[in-house]
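Worksheet: one structure, shown below.
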Amino acid sequence: MTDFILDWERLQRTGIAEAVLCDGKSAAQIEAILRHAGERPLLLTRLETALFHALPAESRAGLDHDPLSRTAFHGAVPPPALDGVCVVCAGTSDLPVAREAVRSLAFAGYRAPLVADVGVAGLWRLMQRIDEIRSHRVVIAVAGMEGALFSVLAGLVAAPLIATPTSVGYGVAAGGRAALSSALASCAAGLTCVNIDNGYGAACAALRILRSMEGRAA
Amino acid sequence: MTDFILDWERLQRTGIAEAVLCDGKSAAQIEAILRHAGERPLLLTRLETALFHALPAESRAGLDHDPLSRTAFHGAVPPPALDGVCVVCAGTSDLPVAREAVRSLAFAGYRAPLVADVGVAGLWRLMQRIDEIRSHRVVIAVAGMEGALFSVLAGLVAAPLIATPTSVGYGVAAGGRAALSSALASCAAGLTCVNIDNGYGAACAALRILRSMEGRAA
Amino acid sequence: MTDFILDWERLQRTGIAEAVLCDGKSAAQIEAILRHAGERPLLLTRLETALFHALPAESRAGLDHDPLSRTAFHGAVPPPALDGVCVVCAGTSDLPVAREAVRSLAFAGYRAPLVADVGVAGLWRLMQRIDEIRSHRVVIAVAGMEGALFSVLAGLVAAPLIATPTSVGYGVAAGGRAALSSALASCAAGLTCVNIDNGYGAACAALRILRSMEGRAA
Amino acid sequence: MTDFILDWERLQRTGIAEAVLCDGKSAAQIEAILRHAGERPLLLTRLETALFHALPAESRAGLDHDPLSRTAFHGAVPPPALDGVCVVCAGTSDLPVAREAVRSLAFAGYRAPLVADVGVAGLWRLMQRIDEIRSHRVVIAVAGMEGALFSVLAGLVAAPLIATPTSVGYGVAAGGRAALSSALASCAAGLTCVNIDNGYGAACAALRILRSMEGRAA
Amino acid sequence: MTDFILDWERLQRTGIAEAVLCDGKSAAQIEAILRHAGERPLLLTRLETALFHALPAESRAGLDHDPLSRTAFHGAVPPPALDGVCVVCAGTSDLPVAREAVRSLAFAGYRAPLVADVGVAGLWRLMQRIDEIRSHRVVIAVAGMEGALFSVLAGLVAAPLIATPTSVGYGVAAGGRAALSSALASCAAGLTCVNIDNGYGAACAALRILRSMEGRAA
Amino acid sequence: MTDFILDWERLQRTGIAEAVLCDGKSAAQIEAILRHAGERPLLLTRLETALFHALPAESRAGLDHDPLSRTAFHGAVPPPALDGVCVVCAGTSDLPVAREAVRSLAFAGYRAPLVADVGVAGLWRLMQRIDEIRSHRVVIAVAGMEGALFSVLAGLVAAPLIATPTSVGYGVAAGGRAALSSALASCAAGLTCVNIDNGYGAACAALRILRSMEGRAA
Amino acid sequence: MTDFILDWERLQRTGIAEAVLCDGKSAAQIEAILRHAGERPLLLTRLETALFHALPAESRAGLDHDPLSRTAFHGAVPPPALDGVCVVCAGTSDLPVAREAVRSLAFAGYRAPLVADVGVAGLWRLMQRIDEIRSHRVVIAVAGMEGALFSVLAGLVAAPLIATPTSVGYGVAAGGRAALSSALASCAAGLTCVNIDNGYGAACAALRILRSMEGRAA
Amino acid sequence: MTDFILDWERLQRTGIAEAVLCDGKSAAQIEAILRHAGERPLLLTRLETALFHALPAESRAGLDHDPLSRTAFHGAVPPPALDGVCVVCAGTSDLPVAREAVRSLAFAGYRAPLVADVGVAGLWRLMQRIDEIRSHRVVIAVAGMEGALFSVLAGLVAAPLIATPTSVGYGVAAGGRAALSSALASCAAGLTCVNIDNGYGAACAALRILRSMEGRAA
C-alpha cells in the first residue's frame, strides 16, 4: 500500500496533468512514485541535482533532468509543438524560475520562448523586444528584487499577464515578499500573480488560459 | 492646468479602459475629472455613498451609482451583451467586492452571473452549482476569511481561475492576508490572484483573457 | 544534581504523560534523561536520526525509534489497543507530522488509522474516505501549504476536529503561517488548532478529549 | 431571490446550528435573514448595539439581545439545561468574548458558569477556584494581553482546554497576536486554540466535544 | 517654562531649519510654539485643516496654510528663488506628499516644479517629460502602491534620486510598505529613500545635497 | 592600526566593563583583540566552540571557556564573591542563555544561583523554590516558547524582574518573538525585558541595579 | 456580585499597588470599581477625558484627573516626598507617556522630575542636562520614532535605565515598533524596556528597584 | 547566445558603471560574463571567497579580490584619486558592508577614508572624529543592531548622509530590520537610506551626488 495517490484524471478535470513536487520527499519516496507511474509521463519539479543523483541509476536513466530549472520529465514526452505563450525574465538570477515555467509548458506541449535580462533598470532592453513579447497570447513575467517589471510590462502589453515573483534579492527583498507585493499592488490593471518562485504554477495558469481559448477546458 | 492625465488610449494599448479610483480623492478632484471626461464613458471605483453625495447634483445625475459595489458609470454605457465569465462568491460579506467585479465587467460589455454564498463550510451548496460555474470560459472567485474556496474550486474547474481575496474576517483574517496567502499557497495548480478587495482588477484580468481569446489583444 | 525535573505525576494531573522534546538538547543531555528514567516509559519527540545515532549503543538498544516521525519510545510500551481517533493528512510531505501524532497516540494506548493524501485539490479522494473518517470520535487533520483541508473537513464532520498546520510549502507558505491562518480563520465553526508541526500536541489534545469522555480526566 | 443561503441542515451535519455573523452586514440584510428564518431559532453574533437599534422595532422585539457579548437569540430558545463546560476569563476587558462563548453555549442548551478575573498576576485568585474549574468536562479559557493564563491552566487541568485569545491590550499586544502566540507556543501540552476574539468558535468547539461524548456526533 | 526647545541653531549645524511636526500636538501646544517663535520664520508640517481652524484667529492670520500639503509658513518667508530640484509624482493621490516636499523646499528658498501623474502604467507620460526631469541637479520621486516609478526613473536619470513612498493603496499596499520595499530593493543602483509619506524629509535630503554642492554645508 | 577601539573607561562611565561579542568576528579579529587587551580582563560572549578552537593554542590557554554558555574569560578573573541576584530558567533548552547571564555576573564579581526547569506547565516546581527566589534583590527570568513564566513570576516576586526571552521553540515560537511579546504584554506590572537570547544584557541590567543600590553608579 | 476582583494585597506581594486600566471599560464598570474601593486610594490609567466626563459628577469630584497623561487618583493621595528617579523624554509628542510615568510614581510617593525635549537630533540639549540626569538612582527614558535616545543615554548613564518606547511617529515608526526594536537591539548594554506607551509599567519597574534598594521588597 | 546583457552605456545614462552581483550566480555564469567583458573594467560584488576559488585560475589572476568586502575588480582599475566622501562605521561586524562601499567608490575613482568603530554606546569615540567626518561633501554611515548612529550623525553633520543598515545583530535586530527602521524613522531630518547590507548601493548614491556636484550627471 502507498501513502500517495497519483491523480491521473486531473488532466481531464482541470486541464493540468499531475506533477510531483520533489522538495521535502526522500529519494525512496520519489523512486516509489516513478515505479508506480510506469510508462505514464510525469513532470517532476524542485528535483535538486543532489536528490536526482540519490535516485537509482535505472530511474535516472528514464528521466530528462534539467539542473537549472530543477525539473525532470519521466516517460516519453514529445517535443513541444504549440505556440501562444512567452516567458519574460528580469535578471539572470531569475532564470531557474523562468525555466521551470518554460519546462512545465514544454511538458504540456507548448514551446515558450524566453526573453531574458530585460529588467527595468535598462528600459531600452525591454523596449527592443516588446513587439516580440506582444506577439503572444499569454505572457509570463518573472522577476525578483522590487519586481517593477510587472507594472511596466502590464502597461505595455494587452495580453493576459501572469506575474511570477522570485526570492532573488537581499535585505527587504529577501524571500521575494517585495516582488510579490509589487505584483499585487500594481498600478497597472489586470495583472494576476502566483506564489513566489512558482514557475510551475505560472505555467499551469497559462495552460488554463490557452486550453480555455482552444475550447479544451472542461 | 490639471494634475491628472486621463489615458484615453489605454484601451487600445492594454485592452482595459481608464478607470478612476475615487478613494483618496476629494469631491472637487472627481468633479474636475468628470468635467474633463465630458461625454466619454468612465468607470469610477471605490466611490463611497458619502463621497457620491458630496458631488454636485448635476454630476450625480450623470452617474449610474451602485452603493453596494461603490462603483459608478459616467457617460452612456450600453447594457452588457457578451458572455464568458462568472463570479463566484463565498459569503454575503464578500458581495461588495464580487459586485465590483460584476460591474467592471458590465462596463466593458460582459454580463457576468454572480454565484453567491457557496463557501466551503457547506460544500453541497458549491456542488449544486458547479456545472453552471464550469460552463464559463473564465471564473472569478471572491472569498475572505481563510479563502479555502479558491483551492476547492481550482480542483473542480479547468477554466482560468482568478482568486480575489477580501478583507472580510477578524483576528488573523483581518485585512485579508489569510485569504491572500491561501490563494497564493494553494495546493491546486494554475490559480492566479489579485490584490485584496480588488474586484476591479480581477475583472480587468478576465478581460485580458477574454479579449486575447477573441484576438482583440494588441 | 540535574538541570531537569521529569514530571512523573503529570499523567495524573493533566492526563498527559511527560515527554522529552529532543530538539535543542545534546546527546549527553538525552542520555542523562534516559538513565534517570530507568524502567519508566518515556516518549521522545523530534529525535532526528543523526541525534539518535549520537546516543550510546546501549541507549539506542532500549529505544523504539521511528525515523520518519522522529519519535522514540523508551521502556516497555504495550501495543496500542484503544480506538476513537483518526489522523487525516493532506499530502505526503505532511507525513512526518501526521505520524508524530499517530506515534504519540500509540504511546498513550490508542491505535489511530492514518488517512493520507486527501488534499482538496482532488476532492474525490477525500469524499471516498469521508465515512471512515466520520466513524471516529475525534479527528486530527494535518496539512501545510494553504490548509484548505481544515475548513472542508470541518464542514463534513461533526466530531471534534484538531487542525495541525505544517511548515510544508514555499513562498508565502514557508514556515506554515498560511496553513495556520487558514485553520484559525476558518469559515467552518468549531475547529481548533495547535502550533505548526506540533503532531505531539495534537495527539495530547485528542487524549484530553478521549479521557474526558471516558471520565478519566481529573 | 436572495444572496444568502441559510444552512438549516448544518446542525445534523456538524452538530453546530447555523449562526449569522452580523459584522459587515447591513440592517437590511439582517432584516431579510430574520424574515427568511421565520419561527426557526437563529443565533446572531457581533450584533453591535448601534446595528441592533437600526433594525425595525418589530424585528428587535423578536430578539433577545445581550449588548456586552453583542449576541442575540431569534425565535424561541429554551433556557439552557445541560452541564459540562465552564468559561474562565483573565480580566474584565475579556468579558465580551467570554460572554459570547457563554451565550453561544446557552443557545445550544448548555449552561456554562463564568469564572472571571483570574489572571495570573494574582495566582491565588485562580487557585481559589481551580477545583470548581476542574469539575467540568470541557474548559474554555479567555485571555488577552500576554495570555499566560492558557499555559498555567493547561498545567492544572486535565480536561480538554480551548484557548480563546482576545484583542485586549496595547503595544505588542494590540490585536491579540501576543495572546494567540502564547496559546499556540504553550509549553503545556494538549491545549488547542481558536481565532482571536472568537468566543462563538470556542463554544462550537466545546459543543463538538460534548456531543461526541454524548454519542450525538454524526 | 516650556516643555519644548526650538533649535534655532539647527540651520547652521545641519543646513536644515527647525520645523514643527503638528501631528500629535494640541492647538494649545502649537499656539505656545508660535508665540515663542515670535517673528522668526517657522515651517509647520502635518497641520490638518481641522487643527488649523482650532488655532486662535490671530495665530491663523500669521500663517500661510496650504490644506492639500498640510503645511504652513509662520513669519515672513520670501518667495523661493533658487533652482536645482524637481518633484516627480506617480498619481493624483500622491499629491499631498509631493506638495509637502515642494512647500518645504519653498520655505528654504528653492522653487521646485512638480511633474505629476507620470506613473509607469502609462510609460509614455513619463517619457514625454523625462528631459525636463533630467535638467535638475536633484530629483525627488513620490509614489505609492507598488512604487515601480522609483526603479524606472533611476534607470533614466543620473542625478541623485530621493524616493518618497506614500501610503496610497489598499490590500498589500496599505500603509506604504510595498512602495517602500520597492524603493529599497530596486534593481537600479544609487537610489536612496526616506520614510513613508515623508515629503518634508525628502526636501531636507535634497537641501543637504544642494547646500553641499554650493559649499554651504558645515 | 586597528579597526576596533576597546572602551576601557566604560566601567567607570556605565558600571559595565567592555565585552566582546564574538559572533560575526573572525578568529584573527578575536586574536588581535586579545593581544591588544594584554593582561586586562575581558569577557567574550557568543564564542562558539568551533570558533574557540580556531584560535591559536596560546590564546586558548589564556581563556576560561564555557561551551554551554559560549562565554570565555580572558585574563585573571577572581572568583565571584558578591550576592544579590538569581537566575530562574524555564526549561533545559534555555540553559545556554541562562548560563550566559550567570557567567557575565561572575565576571563582574557576583555569584548568582541558577534555579532551573521551573516552567509553568508544572507550577508546583516553581512554588517549591519561590522562597529561595524571593530572597534575592534582583531576579533574572529566562524562558522561551510562550514565556508564561515571566508573568507568573512577576505576580509572585516584589524584586526587580528582568525577563530574558529565548529563541527556544518552533512554529509561532521560532526565533523568540512569542516569548518576547509575552514579556512586554504582561498583565503583571513592573516587569522589564531585554532582547531575545541576550543573557549578557540581562546580567548588565542587573549590575546597573546592584551597583546603583551600592551607591557605585556614577 | 462583581466580575472584577481588586487585589488589595498586591502592594505587599509585589511592591506595586493595584491600578485600574480604564481603556476598554465602560463608565458603569469604572463607577462600580470606584464604589467598591471606597476610601482606599486607587490609580486609574488610560482614562480618556471623554470617559472621565461620562462618569457621574459625584465620582468625578473624588478624582484628581490629569488629561494629558490620562491618569486619575481616587482617594486621598499624599503629595510625593521621595526622590531617586527621573523621567527623560525625547519630544513633546512623547509627553503623555512620560507624564503617565511621573504620575504613577507620584501616586506611589516619588516625585520624579521630567527632563523634556532632549532628542538626539540636537545632542547638545541632552548634554546640557546629563549631570542632572546622572544624579538619580533610576532613569526612565521615553521616546518614539527611531528611539535613538535609549542607546545614547545608556552610554552616558550608569544607573538602571528603563526604556519606554512610544507610538509616536508615522510610516515605519507607526505603532512604536521601530522605537521598541531600538531599545531591545541597543548596542549599549544593560538597558531594559517595557511595552510601547507603557508609562505606568516603567514607573512600576522603577518602584521595584527603588523598593528593593530600600529593603522594602518582600 | 547569452542570457545576460551587460549595460556598457549605463555609466553615460546614470553615472554608475555596470556591476555584477555574484550572489546567486554560478562560477560558470561569472566566467562567461568576465570573458564577455574582455578588457573592459567591471566591478563584482558579493563574490564570496568560495565562489572566487571556484573560478578558473586564469580568471582569478585577472581579478583584484578583497575577501572582507567580497568585491573584485576585473580589468585595469586605476588607483582612486578623487576626494569628497567618507564612510563611517558603527562596529567591527559592520566592516564588510562598509568596505563594500569603500571599494565601490575606489572602482569609480574616489578614495574614501573609513572611520570605524564609532558606535553611540561610546559617544566620545564619535566626537573625537566628528571634525574629520564633517570635512567631506558626502557621508555614508554603516550600522547594524539599533542603528542609533544614523540619527546622532544626522544631528551633527550638514552634508548629505546616506544610512546603510546592516544585518548585524540577533533577536529583534536579526536581518537588519531594526537598523533600517531607525534610519527611516529618524527624528533627524534629511537622512536617506538604502537597502540592508547594500554598501554598493550607498556608494552609487554618493556617486550620483558627487557627479551632480561636478556637473557630470546627464
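We call the chains A, B, C, D, E, F, G and H, going by the order they appear; numbering starts again at 1 in every chain.
Assume a residue touches a chain if its C-beta (ideal position, glycine included) is under 8 Å from a C-beta of that chain, and two chains touch if they have at least 3 such contacts.
The chain list, named the UniProt way, goes like this: A, B, C, D, E, F, G, H = Nickel pincer cofactor biosynthesis protein LarB.
These numbers come from a predicted model, not from an experiment.
The chains in contact with chain D and with chain F alike are C, G. At the interface between chain A and chain C, two copies of one sequence, fewer than half of the residue numbers in use appear on both sides, so the contact is built from largely different positions. The equivalent interface to A-E, defined as the listed pair sharing over half of its contact pairs by residue number with it, is D-F out of D-G, D-F or F-H.
Averaged C-alpha coordinates put the centre of chain D at 49 Å from the centre of chain E. For this pair, chain C with chain G, the centres built from the Cα atoms lie 45 Å apart. Separating the CA-averaged centres of chain E and chain H is a span of 27 Å.
Note: centroid distance chain E to chain G, computed from Cα atoms, is 35 Å.
For chain C, residues touching at least two other chains, in rising order: 121-122, 154-156, 171-173, 180, 184-186, 188-189, 195-196. Applying the touch criterion to all chain pairs gives A-B, A-C, A-E, A-H, B-C, B-D, B-E, C-D, C-F, D-F, D-G, E-G, E-H, F-G, F-H, G-H. Residue ranges on chain B touching chain C, taken from their complex, read 90-91, 119-123, 145-148, 150-152, 154-156, 169, 171-173, 177-189. Those residues of chain H that touch chain F in the complex are listed here as 92-93, 95, 114, 116-117, 121-122, 125, 168, 170-174. Per the touch definition, chain D reaches chain B in the complex via residues 3-5, 7, 10, 21, 23-25, 29, 165, 167, 175-176, 180, 195-198. Chain E meets chain H in the complex at residues 13-16, 19, 134, 137-138, 154-162, 180, 184-186, 188-196, 200-201, 204-205, 207-209, 211-213, 217-218.
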